[in-house]
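Lettered A, B, C, D and E in written order, each chain numbered from 1.
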Amino acid sequence: MGITAKNFIASYTKPESLITEEYPEEKPKLPENNRNFPFLVFDDDPDAGLRCVSCKICERECPPQCIYIVQERDENGRPVKQPKVFDIDISVCMSCQICVEVCPFDAIKMDQEYELSSLDRFDPLIHDRQRLSKSNEYYHSIHPAEAAAVDAVLAEKAARKAGNKKAADNES
Amino acid sequence: MNATAYILLGILLIASGTGAAVLRNPVHSGLSAVVAFVTLGMLHMALGAQFIGFVQLLVYIGAVAILAVFAILLTRPEASHLPCLRPLRRAVAGAVTAGLVLAALLIAIFRSPSLNREPGPVAEAPVAEIGELLMTTHLLPLQTIGVLLTAALIGAVLFASTNHS
Amino acid sequence: MTALSGTIPVFASLEGAPIALKAWILGMLENMGMPEPFLMLVSIQLSILGFFSVFLLLFVLASWFERKILARIQNRRGPNRVGPAGLLQPIADGIKMLTKEDIVPVAADKVLHACAPVLIILPAFLAMAILPYGKNMTPVELEVGILLFFAVSTATELAVFMAGWASLNKFSMLGAMRAVAQILSYELPLILAATSVVMITGSLSLTAMVEAQGGYLLGILPNWHVFTPWGFAAFAMFFISALAESNRTPFDLPEGESELVAGHMTEYSGFKYALFFISEYLGLYVVCGFAVALFLGGWQAPLPFLTFIPSWIWFFAKILCLVFVAMWIRGTFPRVRVDHLMNFAWKFVIPLGVMVLVSAAVWHLAGRGPLGWILSLPPLLIPYWLMARAYGRNYDAGGRVYRFAE
Amino acid sequence: MNALSTESIAARVREAVPEAEVELIPNKGPSGQDSLLIGAAKAVEIAAFLRDDPELRFDYASNVTGVDWPERVVKERVTATEEVDGETKEGKKVVETKIPGFLEAVYHLYSMERKHGPLVVRLRTGDRENNVTLPSLTPVYRGAEFQEREVYDLYGIRFDGHPDLRRLLMWENFADYPMRKDYTPPDDYEYEPTPHDAVLEKAKRHQADDGCGKGDPA
Amino acid sequence: MNPPSETGSPSPNPAESPRYRTAGYDSDAQLLEVSLGPQHPSTHGVFRMNVALDGEDVVKLKPVFGYLHRNHEQIAEQVSYLGSMPYTDRLDYFCSLSNNWAYAAAVEKLAGIDVPERAEYIRVITSELTRLVNHTSFLGFMLSDMGAWGTVLMYAFREREKILDLFESLTGSRMMGNYMRFGGCRCDLPPGWLEQARKVVDGYPAFLDEMESLIATNEIVISRTQRIGRLPADKAVNGSMTGPCLRASGVNYDIRKVDRYGIYDRFEFRVPLGDHGDCYDRLMIRFLEMRETLKILRPALRDIPEGPVMDPKARQRNLRPPEGEAYARVEAPKGELGFYLISDASDKPYRYRVRPPSLINLTLLEDLCLGEKIADVMVILGTIDIVLGEVDR
């Protein structure tokens, strides 16, 4: 009995012992590593700058198979390194971020947006490419440390590619 | 105003009494018996004997009615297979016996001398006085009843516990 | 002191406020030419209206009060969305209960199913009539007050049985049997505790009992029954049996059963279920009212210089304290098992009840003074200690010592 | 990790239970947990010996599971000399040997008393269709009761001597055994738009022949 | 799908097994057939028990499973080794990180990968924090089964939230960690995580003392749990009971001490053992285990070394372990959680088996409940502490 009394009095004297979080007013602050559904990163232009080259590794590796990619084809049918269709069925996706791990081009990252409820069970829950793609700045805003590391790796890779292209130029 | 109260309670008493006897569903008849006990209690209170009225309520509803209801609950008799005579002969037999009993009662009442005497003053019986009487003049019957009840209780407990173990 | 002295006349006038109000209305009706019998009728209606509305208000308060207390005990905030600090929550519940569809099972016995909730509310209302709310403010001055309470509270057993029997489903049958057994076996200690008070005050009427508790011992300690040895034991017993009577935790076996769904109330929905809900809270209030009247000195003020606060405020304040303790217990204790409940009643509380009677007699015969204290304690403590030891022998009550392996 | 090696246990079992067929199966992986294949005839006796022998005391059946080995065609390149029109020629030839399929019940036994490690015991059935009964070890290890029921439910190995052999997870009249390699799940799940066209065709094909698809168990 | 019926199926011996004690009761007494679950306030998920009651006493109890069966093992055989790691979170969704560790340990034994020092420390820390989470919520559910609705549950969840916030900042999700990989962990500790963890661990003893004084000597709890559901030691061992329930019957078998897996041999902690094996012992053993866990966590959090979190040459994506089989097990909060993998040198496991402690601990549920009261069945089921995700897989 004493314990419950202590907690009862404490709830009036020590406000921080109350653990109720008034959701609509106080939004929960999410730690940096928090992950919800994935999103596609584009560098500067939503269409051209999309990092995804539709190599379909994530589609194969995704355990519940909820990613669906169709490769872009230019006018005379040759495949272009761009996904024409990139759907994620977020009613099936369990936000396990295996796709982020296996993607060699750092094109897909985990989002932190959680207010995704919709009225219809089917179509709104299938996020198409246009809704999935978000800018690199947004990526920096939600995962600052991780985004910085990824940019460093990309910059170093670009530098190396520029380096050996230059080497190839002065060789030829 | 008292007269109307008596008539009302009387009718209710008779109705619930016959209900208890006649209703097919055992639970319904048990509960109409309870209504009869309540009206009896209220009659006492209307006459001013509150102590007797409440004791009547307490004892009859608290104990006797619950006893009857538990009996019904545990044996769960189905309303259908209660033994009874064929309807026609049963109605005639019922009416005859009722008439005989009524006649005997009426004769006894009208012939008795006390009917046409003036009703005496209503005896004012405060509870304390009843207590005194119980503890002094009627002590022996009270104690014997107490012993009888305890014996019955112990018997019931023994009877119940033996068949379960 | 001036502020205080200023308020005293105001409070003094508050003391008789309800009576004055009623007299003023009756007077107004009288000179409007109301014939005599109707006047008597109206005066009864007025007093009924008085305590009836107060208790329903208390019921509304109780359901909000309970949620808030339980929440605060569990470090939650409790309802604060509906109205200011959640005060409109009970009204929201009421509307919900009213609008919910009232499903009656097909096989159920319609008649019994309908009148069970009515019968379960009856005792609470009837028993309200004889509670001494304030100085000469008892609606019905009955010479056998306490007896009415016991006579009428037997109706709850019948109502619970009817509810269980009428819903014709396995769970409610088992729940009804358990509930009736529980209420029956805790009726006896209730009566034993009350008889000890009746013995000391010498009369069955509640107003006499409250007056007997007036006066103050050496200026500070009010000589309520609860401050006497037998009185304290009787109060504890009365309160425990009161919790059991109104199915409150830790005795909420019939309906709070985690394995028997909802006991005799399984088949009820809509406002019938709300009636059961109301009857539980009103029953708790009324029983706490009796506990206050019998042991905590009804409308007597706890300290002599506090008598300027009107008496009926004291009465309701004490009731609210007892109800708070009941809710506090609800937030702390788990449920007792059925056979422990029965053993506790028949093997522990009832024998102790008889010993309370003995100790009250000793206290009375030894002159109610300090000698009374010394003489009346042993008949209570010795059997309590013996029985507690026997009762706890097969459990290691202090917890066990555990060995560790490397 | 196990105090006494599997070979010595096998030897002890052979000399303790007279005509027990005990065969050692080496484990090719780095985990070093070799297993003992024991014949079905003497299985219960061997298990009782393993549990009660004061030296071994394998009193705890930690894990009981089933494995399905369907028919396998094993191609080995083997150098075979054969008569080709008169003279013998050494030639690499691919020999296909068909290994008949069987069902297997694997028991991992531990000793809680002497705290030594897993002894993997395997029991094999005759084949995968009709000769699928194995002796149940529940009379020896009470802990194996639910696990053997699960193996019966998912693999179809019938354990005789089991006190209450019913399906553990699937419902009673489910005819198929879901964990076998050749199990095809029913495709009568309710149609739901999904980005995967393969799933859509399967559902449409199922809807086409009005709902009684071949996989439907009822 | 028609609901599973419990009547005998065409199994070889449909006859009632002799174990049910109907001898002691007169047969004409109406046996009340009650089915507790699957929608039931205190069965920890979709789990049904068909109970035959004579008055209050249990005469027959048949558990029925399968409501949450999703054939986790078949899915794992069609997905790559890495692919089924997130599924292991869904086994016992209260202790996702110890499930991850068990699966990672099995694959490491199968493929012979070793784990760097810092990853071993992180694994011990996270799995011991999971044990705290599991035992704390166990206390909460235990008390609400006994009728104290909410109070102890809220206190337990208040503490559990602190640890779940730690998991969220480390692995990204409160309950579904998916954090361990073959050869280490997915990502390193975020800055400030260790201080936060130390603060939570230092605040824990106060919570345990408060809980112990609320529960351990509470008369009603004592009268409802002592001498109920007694389990003798030999029957526990033969019935493959593992975890706190086994140690409550006095059998000294804790896999952290027996197998010495991971770096548990560096921490000195003791294994509490009970003498009576009844519900009260099972309840108190979990209290004492939480105190021992704190003895592991404090040194672990103090001297965790710097260094890589992942073995550089460990491949995650198309890992093809050599042909062979391996069985690895871990002392999960509910008992011995084991993974048995057979690999045929392809990138998908040939056979993937989970040894579920909750299901196997239920084997003896019936023996414990025979003869007890109906109110005790809930208490006994509560002390065995099952989670249906792991029972039905």
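To be clear about the criterion, contacts are C-beta pairs under 8 Å (C-beta built on N, C-alpha and C of every residue); 3 or more make two chains touch, one makes a residue touch a chain.
What you see is a predicted model; the values in this text were computed from it and never measured.
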Problem - Intersection of the contact lists for chain B and chain C - result: none
Problem - Centroid comparison with chain C (C-alpha atoms), farthest chain - result: D
Handout entry: Of all other chains, the one whose Cα centre sits farthest from chain A
Key = B
Fill in the blank from the handout: argmin over chains of |mean CA - global mean CA| returns E
Handout entry: Pair sharing more residue contacts (C-beta pairs) when A-E is set against A-C
Key = A-E
Fill in the blank from the handout: Averaging C-alpha coordinates per chain, one finds the centres of chain A and chain B separated by a number of Å equal to 82
Exercise for the section: With chain centres taken as the means of their Cα atoms, state the distance from chain B to chain D in Å. Expected result: 77
Exercise for the section: Averaged over CA atoms, how far is the centre of chain B from the centre of chain E? Could you give it in whole Å? Expected result: 63
Fill in the blank from the handout: Cα centroid separation, chain A vs chain C, in Å, comes to 60
Handout entry: Residue list for chain B, restricted to those that touch at least two other chains
Key = none
Practice task
Specify, in ascending order, the residues of chain E that touch 2 or more different other chains.
Solution key: 151, 154-155, 158, 214
Handout entry: Sites on chain C touched by chain E in the complex
Key = 70, 73-76, 170, 174, 249-250, 252, 256-260, 331-340, 394-400, 402-406
Problem - Contacting residues of chain A [partner chain C, same complex] - result: 1, 3-5, 7-8, 10-12, 17-20
Handout entry: For the chain B and chain C complex, residues of the former touching the latter
Key = 1, 25, 27-28, 31, 34, 41, 50-51, 54-55, 57-58, 61-62, 65-66, 69-70, 73, 126-128
Fill in the blank from the handout: chain D contacts chain E in the complex at 1, 27-31, 33, 35, 59-63, 65, 67, 106, 108, 112, 115, 117-118, 120, 141-147, 150, 154, 158, 160, 162-173, 178-179, 183
Completion exercise
In their shared complex, chain A is touched by residues of chain E numbered 75, 79-80, 82-87, 89, 151, 154-155, 158, 161, 165, 168-173, 176, 178, 186-187, 190, 210, 213-214, 316-317
